[in-house]
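By written order: A, B and C. Residues from 1 in each chain.
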Amino acid sequence: MIDPIFIAEAALNGILLGGVMALLALGLNLIFGVLDIVWIAYVELVMLCMYLVYFLVTGYGWPIWLGGLASVAFGAVLGVAVHLLIISPLLNSAAINQFLATGGLLFFLQSFATFLWTTDHRTVRLNLPIIEVAGMFLSFARLIAFVVAILAMIGLYLFLRHTFIGTAIRAVSQDRDAMRLMGANPQRVYVVTSAVGGAMAGLAGALLIIQYSVHPYFGAAFGPLTFMICVLGGLGNMVGAVVAAVIMSEIISVGGVMMSTEMGYVIAFVLFIVMMFARPGGILAKRE
Amino acid sequence: MARLTAAAVLAIIAAAPFLPMGGMRQYALHVLVQIFIWSFIGGAWSLMGRFGLISLGHGAFLGAGAYTTTLLWNFWGLTPWLGVLVAVAGAVVIGLVLGYPCFRFRVVGHYFALVTLAVGEVVRLLVIAERDWTGGSLGVTLKASAGEASLAAIQFADKRVFYYASVVVWLGGLWVWRRVDRSMARSALEAIGEDETAAASVGIHVTRFKLAITVLSAALTAVGGVLYAQYFTYVNPDTLSGIGVSLRIVFAVVLGGMYSLLGPTVGSALTIALSEYLRVLFGLKFIGMAETIYGLVLILCIIFLPAGIYGSLRAAIARRMARRRAAPA
Amino acid sequence: MLELRGVTAGYGQFTALWGVSLRVSAGEAVAVVGPNGAGKTTLMRVISGLVSPREGDLTFEGQSLARLPAHEIVAHGIAHVPEGRRIFPMLTVADNLKMGAFLRSARRGYRDSLERVYTLFPALAERQKQRAGSLSGGEQQMLAIGRALMSRPKIILLDEPSMGLAPVMVLRLFDLIRRVREEGYTILVVEQNVRQILKLVDRAYLLEVGRIKMEGRADELSEQDFVRKAYVGL
């Protein structure tokens, strides 16, 4: 029998991980919602950003917050590059070609990272305390990551609600031609969307490197999970994304303690498949 | 004329193992066997793909097939001849469990692709989780049978046996593809690919057709997985399930062209030749470089040859013909 | 103000407009009428840049528009209220109007424009926070027109504003269009309700299978036997 305190600890960790996963899923969700394209290689961009922070912090002695800012900027640049080089030529192609091209990017980034940095696992060591609450041990790094992720999501919410370009991003996903008639260049809106999505990947990278080690296959573990949370949350639904992220992270975290990491993922993915049939519009959507 | 060409090609394929190739023979056969196996699997995938059912989870069927026969043989000594039946049954069940609700609830497009992707991941993770039997991510080796060759175990030291076996299976795949292509179902399913409501309105039972094609594709893919396992005598969750292998299958098919009989074969031949070339070129020197270039080539192909090699070639020829016709006028 | 000379346009191999010439002077209201499939929508789309003309000339206040993309044409002062309204259903009424002012030049006067649109369409003011998709058909059309006004255009293109509305609503809508007109906007409108629209505009064009068949002052045109029989239904 597993001590309930471990399960409670896992549950708490699940919530903390859920914050970062929600952030990631929202970035992907934004791009998916506006461009109707799934970036299969989205978490590979996160992986690159994690390496960036790793090298800046351990190699050049940058403080972690500065490395994080650099990562956000780098993520935005990567997002724009992916859009201009790969997505833009394929905007009107068959869905399968879009999958394949971003899938090719996944192969490319994984392998190129292997080539450059080998498959070693690299960790940023921060001297952050471990907090003890009621017999449970919580890492301070995770707590910070959670709080920053939540703040970033609030920021994204305000951006999408209250700025002209943010509202335009939502509008383009509903009617591209009508938005052209409003004087918006869809291509520009796409670039901004990709930059924002990339910046979220950059931020997530900075938040993940303080809790996990990075290696070229980092995306293999988090990538599918991110797609699924993104879809489960429902397009353009921020609350849905958070709920879906927390549920999936809980299953993985608690399932990991009670059974094995893989079984946690298996249960989470099976739940995803079942939910796709039960609630195709997302976890919070009303059934039609 | 076409018959003559086909006969000539078949004759060459049949004679290939005996052609003089010096020390290259073993290696050449090895590459050819892979090409035939993956062409067969690609053909199975394209049965679904050409009707708009984009699966990113064919690794599930492949892995289910390969692991079923391997484990049955290793633990109970069940001959793969019977094992393949269990494997196919398993894949069919996965296909039904996946397909029925998907088609019933109209999960289409990106969503279908992501659901299949999840199924592929589930199989991969289950294999890893059940590491006591499956060897986890380290994979598992097929227990060797006694002696040089065993028909009951489908293990042969001589690569030529597998060469012919893979050719036969590949031809069988082409035959099935042809049958599906010619049968009544074709126009129906193509209509579904185009427009589901339209197809439904002319009285086509959409769900049943999609399910049939999915089950067929799953079953054939499982057979491909079994053949792969018997040939390599080693299976591993990352090379057989998960996103990586699923994307590779799709890439080969799209590169060759999924709407023609030999498209998947052409695509598989090209991608395997490319992988092999890069592998030999870089060897163990620059780890990751071969795959890096593979990914790059993939992206470039998709951007610049969106209709695949065959489709793009045909479009280019059509353009040239049109220009020639226009010129004298 | 707006002038088309010999415009030919279509989709792929198909030609929907054949050498269409048309002009609208500042302050004028002009209607384009014609049967279904005549190319009226295509004509509007050519003007706003959603379809680019294959041949012919398209000028607005002396500047050529023929090669400009849609989003740049708006900046010249041409607002297009498309067929079927095409509001953003998941955005609120206020956000729809905000998108109408997306142009940099329009953002400065955003508050003012909003004020004016709400005075013109008080129904919208009451529903600012409501999702646009939940409005009634008539309200959605008001929103579409209001959204177009937000860009502070010089000319408004209206494509079948009465489509799908109940007869009472059509009358109210035409009243509203009249008021928009009195605000001093130049209007080019496509309509199926020929009789009513001819009472509202100064001049009209008759478009049939992609060609202008007739043009003239609205009152003269409605007297023509041909138009009466075929369109006005008298």
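Assume a contact is a pair of C-beta atoms (placed from the backbone, for glycine too) under 8 Å apart; a residue touches a chain by one contact, two chains touch by 3 or more.
Computed from a predicted model, the values in this text were never measured in an experiment.
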Quiz item: What shortest step count links subunit A and subunit C in the network of chain contacts?
Solution: 1
Exercise. Identify the chain pair joined by the greatest number of C-beta pairs in contact.
Key: A-B
Quiz prompt | Greatest separation from subunit B - chain, by CA centre | solution = C
Quiz prompt | Core chain by centroid distance, with centroids computed from Cα atoms only | solution = A
Quiz item: How big is the gap, in whole Å, between where the Cα atoms of subunit A centre and where those of subunit C centre?
Solution: 43
Quiz item: Roughly how many whole angstrom separate the Cα centroids of subunit A and subunit B?
Solution: 31
Practice problem: Measure off the straight-line distance from the CA centroid of subunit B to the CA centroid of subunit C, and report it in whole Å. | Solution: 54
Exercise. Note which residues of subunit A are touching subunit B in the complex, please.
Key: 32, 36, 38, 40, 86, 89-90, 93-97, 99-101, 103-116, 118, 216, 220, 223-224, 227-228, 231, 259-260, 262-263, 265-266, 269-270, 272-273, 276-277, 280
Quiz item: Residues of subunit A touching subunit C in their complex?
Solution: 164, 167-168, 170-171, 174-175, 177-186, 236
Practice problem: Sort out for me which residues of subunit B touch subunit A in the complex. | Solution: 49, 54, 56, 98, 101-102, 104-107, 109-111, 113-115, 117-119, 121-122, 125-126, 128-129, 242-244, 247, 250-251, 254, 286-292, 294-299, 302-303, 306
Practice problem: Going by the contact rule at the top, pick out the subunit C residues touching subunit A in the complex. | Solution: 48-50, 69-72, 74-75, 79-80, 82, 86-91, 95, 98-103, 106-107, 147, 151
